[in-house]
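These notes open a run of structures that come right after.
Look at the two complexes coming up: subunit A is in both, with subunit B in one and subunit C in the other.
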Partner chain A sequence: MQTTEEATAPPFIEVEHLTTGYEPGKPVLSDVSLTVRQGEFVCILGPSGCGKSTLLSTLSGLMPPLEGTIRINQRDLYRDEIKKGEEPRLGYVFQDHRLLPWRTVAQNISLVLKAAGVPDADHEEIIRHYLRMLHIEQFYDSWPLNLSGGQRQRVSIARALAVDPLYVLMDEPFSTLDEVTARTMRQELLEVWSESGKTIIFVTHSIREAVFLADRIFGLTTNPGRLYRTIDVDIPRIRDYEDLEIAQLEAEIIADLLEEWGQAAPARDGAG
Partner chain B sequence: MVTVVSEAPTQAPAESRKRALSILGVLAALAGGVVIWYGVGLLVPRFPLAHEVVASGWNLLVTPSSYVDLLATFRRVLIGFVGATILGIPLGTLMGASPIWRGLFKPWTIGALSIPGPVAIITAILILGIGESSALVALVVSVLPYVSNIIMDSVGGLDHALDDAARVFRISKRDKWRHVIAPQLLPGIFAAVRTAFALSWKLVVVIEALGTSRGVGSQMQRSFRVLDVAEGIAWAVLFTLIMWGVEVLVFKRIESHLLRWRPEVRAI
Partner chain C sequence: MLVLWSLLYDYTTFLPSPGEVLEEARSMFGNTDVFAPILGSLWRLLLGLVIGFVAGLMLALQSTRGVFLAQVTNTYVRIALTVPSLLVALLGLVIFGISDWAAVLTVAVIVFPFAAVPMIEGVKSLDPELQKMGHVYRMSRMSVIRHVVLPHMAPFLFSAIRNSHALGWKVLIVAEIFSVQSGIGQQFNRAFSLFDLPRVIVWLVIFLLIIGFIEYGVLAVFERRVFRWRSNRNGRRTVAVGV
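Up next is the complex of A and B:
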């Protein structure tokens, strides 16, 4: 949510000179620095293979960087001593829902609530609250595979929010949905974001989606994987997906990207 | 057009319709079978007709000693399939999880799979003598490799995507095992148990015919030896019906419950 205090708010998530990858010497991302303020909705935009998912893995605290630092609320995510049970709670929404098909919707969310240390007695109320927020309260006892793709992703989002996370990571959560469902989901995600005030980091390869959703966009590119542009999306909320301003910004970003890709083309192996 | 049901499943109508259709199918097959039976009876001399077999079967049911044989066989089936399962599941898990164990044991399981039932029991008798232990050993050795193979394949097919989700939400090792891994292994374990049972009761009759004094298999063999073919067939039919009963009433029920989360796909 945009407020006048935003500009002077201290950074909530700080990424400094991050180099990350699966093998030392073969980094997927090099020297990425960015900050995210509390309550912001930021998008990480880039083609396939540019390391967006790797960046998310590193931000989730599960993949130590090869070089560089990640700080959450001024605490180093990897190097500071974090006691067991005090690890930062985060919500994660995957591209495929990754719900346990052999557990009901409520049981799926209950499982992560338990892992977050929430007492069993409080589970039902919390679960119903977030299911209601995502307009799926009637599926409390449903089996995930009996739900449609869009409904499953709603459950997935409810699960991510239910743990009351410090921040929420989303990895192309709508890219497998049909366009109509995806449009609805984007709208509802913004409503949920507005209602919950959470910090959201959303990965996508769709420029328009990024422009529609984000306060700021971090543009990544490959060969080498790096942050080449930070874009402020100054379009006022509430936005319309067909907005002229969105289309304009999208066109600017595309032009920018083409120029960028023009420089990177010779080394490219067809990724994106 | 096929669609996935999007409401909490209303299982009653779909389930009872399925059941009605399958009962109809069974009845049709039975009727067809009887017709073929009498047809063959007209062509082949001394071929026991359905009503003769039914009479023999009834005779067996009212004879108390039949139940001694039925129980003896059932006990062997139970011990055989439980033994094969208890040994086969850890073996299959090891083989599925570790290439070293897989390499070590694969020749043995392949060998055991290729031994026909009669060869197994005769070898066991040669080594252990005629008796209960040779029958059980032959049974377990024959069924075990089927169990371990199913488990081995199921262990290899675990979904790593769910592991990532468990990591990200910091799910404890214990909960991960209980909620993520074990349920993935359960269908495989259940398939293995069902297969072990089905194999055991088919094999036990052969083993009994060759190597034991009481039991359905040995009684069948005795019937055929005195040329009472109707009685021999009656034994077979009786035993088969009882084992089917167990499969439907016990295993199918448990399977339906374990797999109740699977999606219902209805054709429009």
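Up next is the complex of A and C:
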């Protein structure tokens, strides 16, 4: 899908020797280096407890790394002096919808637009545009609690895109949905992605989901969390979730990664 | 109520009959000076409650900023809870002399810890996940407080408002008897010293009506509006079906 010009351009997101965790000496994730091109859809794939979510927190600018650097558009996310109000805009779709239940759908999106410095007069048009893109414009004035799980997650995605982000982080956004809803959502996420042209970093523990969605997959492994394999997914779009090629690549990845995961990660519980 | 009252009147010697009270009320409302003490008391109460409430809220929000501060706050509030209102009313009289401020600040000082306790509980119940959402989208601290923190604390805030409103009246009446020569408290006092029981009862009824109005006319309406997002039976809203 990529042209030569894109390939030679400096990487849009550049992670170098990143070690991150909650206390020094106990990194959750160590020495991860990866790059993401502008407009690319990448998946971060890993078992529970490999530090996927921690990686996203660090990429979001909220959790300074223990070592290493993250550059977004050639600007160091943590060390460069970034003026208030000039932080890189990002969209974040959490595992749960994280909408404010006491604000309507439109108010929820309006709040983050305001925080992103978008003038009030433009809010309604932007909100309607993205709600329409996600087929939920009829819920403009609804309370989040009156929506189904899938609809709430659509609002959450609309909110992430509405701020016109440099990049969008998604943390297992479909893992709490039923499989039928999740499939529809994955399909539509790809449509929305190609329509908006945003760079998306999508965390998942489902290999099939990663293969279906991504241009490239970064396979993480645990104990300690590190980057184990980068997989290019050359399957042409538009893809079919039940496509044989997808099933085949999934099987290959399972054969390769699962043994590594199985050895490195004794069965235990914990969030990814 | 009225039957009980009539019966009590028949069997006791000190209670006035409903008729007498009605007569007294009519003559009282004939004069115009009934509303001045009511408005005076309401004004002092409102001012005292707002000061005490805002102080409590600031304290509760501060307690999010660290364990040490939270412990200091807690200790202070626990002690402040036990301070007798009579003592504060007398102190207010000493400091301010006979003035509105003595009563206002007495209400504020006494109400403040009782407002702070449920609010501190509310702060403890906050959802860090929603606040993380606020930070990710670079919402300002004020915006997070207004749109995330306060709505989340709303049930606790209402409990704090109810507590402090009920307590506020008790304190205000005491304070008015001591340090302000006006208001409902002073009317009670005067009626009592003249042993004018029908008048005492009329004032009691007025007092109950005011409290009833604030509870059902103001607080309940406000509460319904704040919690309207919880209702699923809102006909105007689209109710979701399917994906």
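In this text, the second predicted complex is superposed on the first by the 254 of 272 C-alpha atoms of A that agree within 3 Å, B and C clash if a C-alpha of one lies under 4 Å from a C-alpha of the other, contacts with A are read in each partner's own complex, and residues count from 1 in each chain.
The rule is simple: a contact is a pair of C-beta atoms (placed from the backbone, for glycine too) under 8 Å apart; a residue touches a chain by one contact, two chains touch by 3 or more.
None of the values given here were measured: they were computed from a predicted structure.
Under the clash rule set out above, the superposition-derived model of subunit A with subunit B and subunit C contains a clash between the two partners. By the touch criterion stated above, A:64 is placed in contact with neither subunit B nor subunit C. Judged by the touch definition given at the top, the superposed model places A:181 against subunit C, while subunit B stays out of reach.
Of the two partner chains placed around the shared chain by superposition, subunit B and subunit C are both touched by A:112. Contacts of A:10 after superposition on the shared chain: neither subunit B nor subunit C is touched.
Within the superposed three-chain model, A:90 lies in touch with subunit B and with subunit C [touch as defined at top]. The single stretch of subunit B with clashing C-alpha atoms against subunit C, selected from 37-45, 73-81, 109-117 or 199-207, is 73-81.
Looking at subunit A, you'll find residues 60, 62, 87, 89-90, 92, 94, 96, 98, 100-104, 111-112, 114-116, 138-139, 141-148, 151, 163 touch subunit B in one structure and subunit C in the other. Residues 60, 62, 87, 89-90, 92, 94, 96, 98, 100-104, 111-112, 114-116, 138-139, 141-148, 150-151, 163, 181, 184-185 of subunit A touch subunit C in their complex.
Every residue of subunit B that touches subunit A in the complex is listed here, in rising order: 4-9, 161-162, 164-165, 167-172, 175, 179-180, 183, 260-264. Residues 129-130, 132-133, 135-140, 143, 147-148, 151, 154, 226, 229-230, 232, 234, 237-243 of subunit C touch subunit A in their complex. Residues 60, 62, 87, 89-90, 92, 94, 96, 98, 100-104, 111-112, 114-116, 138-139, 141-148, 151, 159, 163 of subunit A are the ones touching subunit B in the complex.
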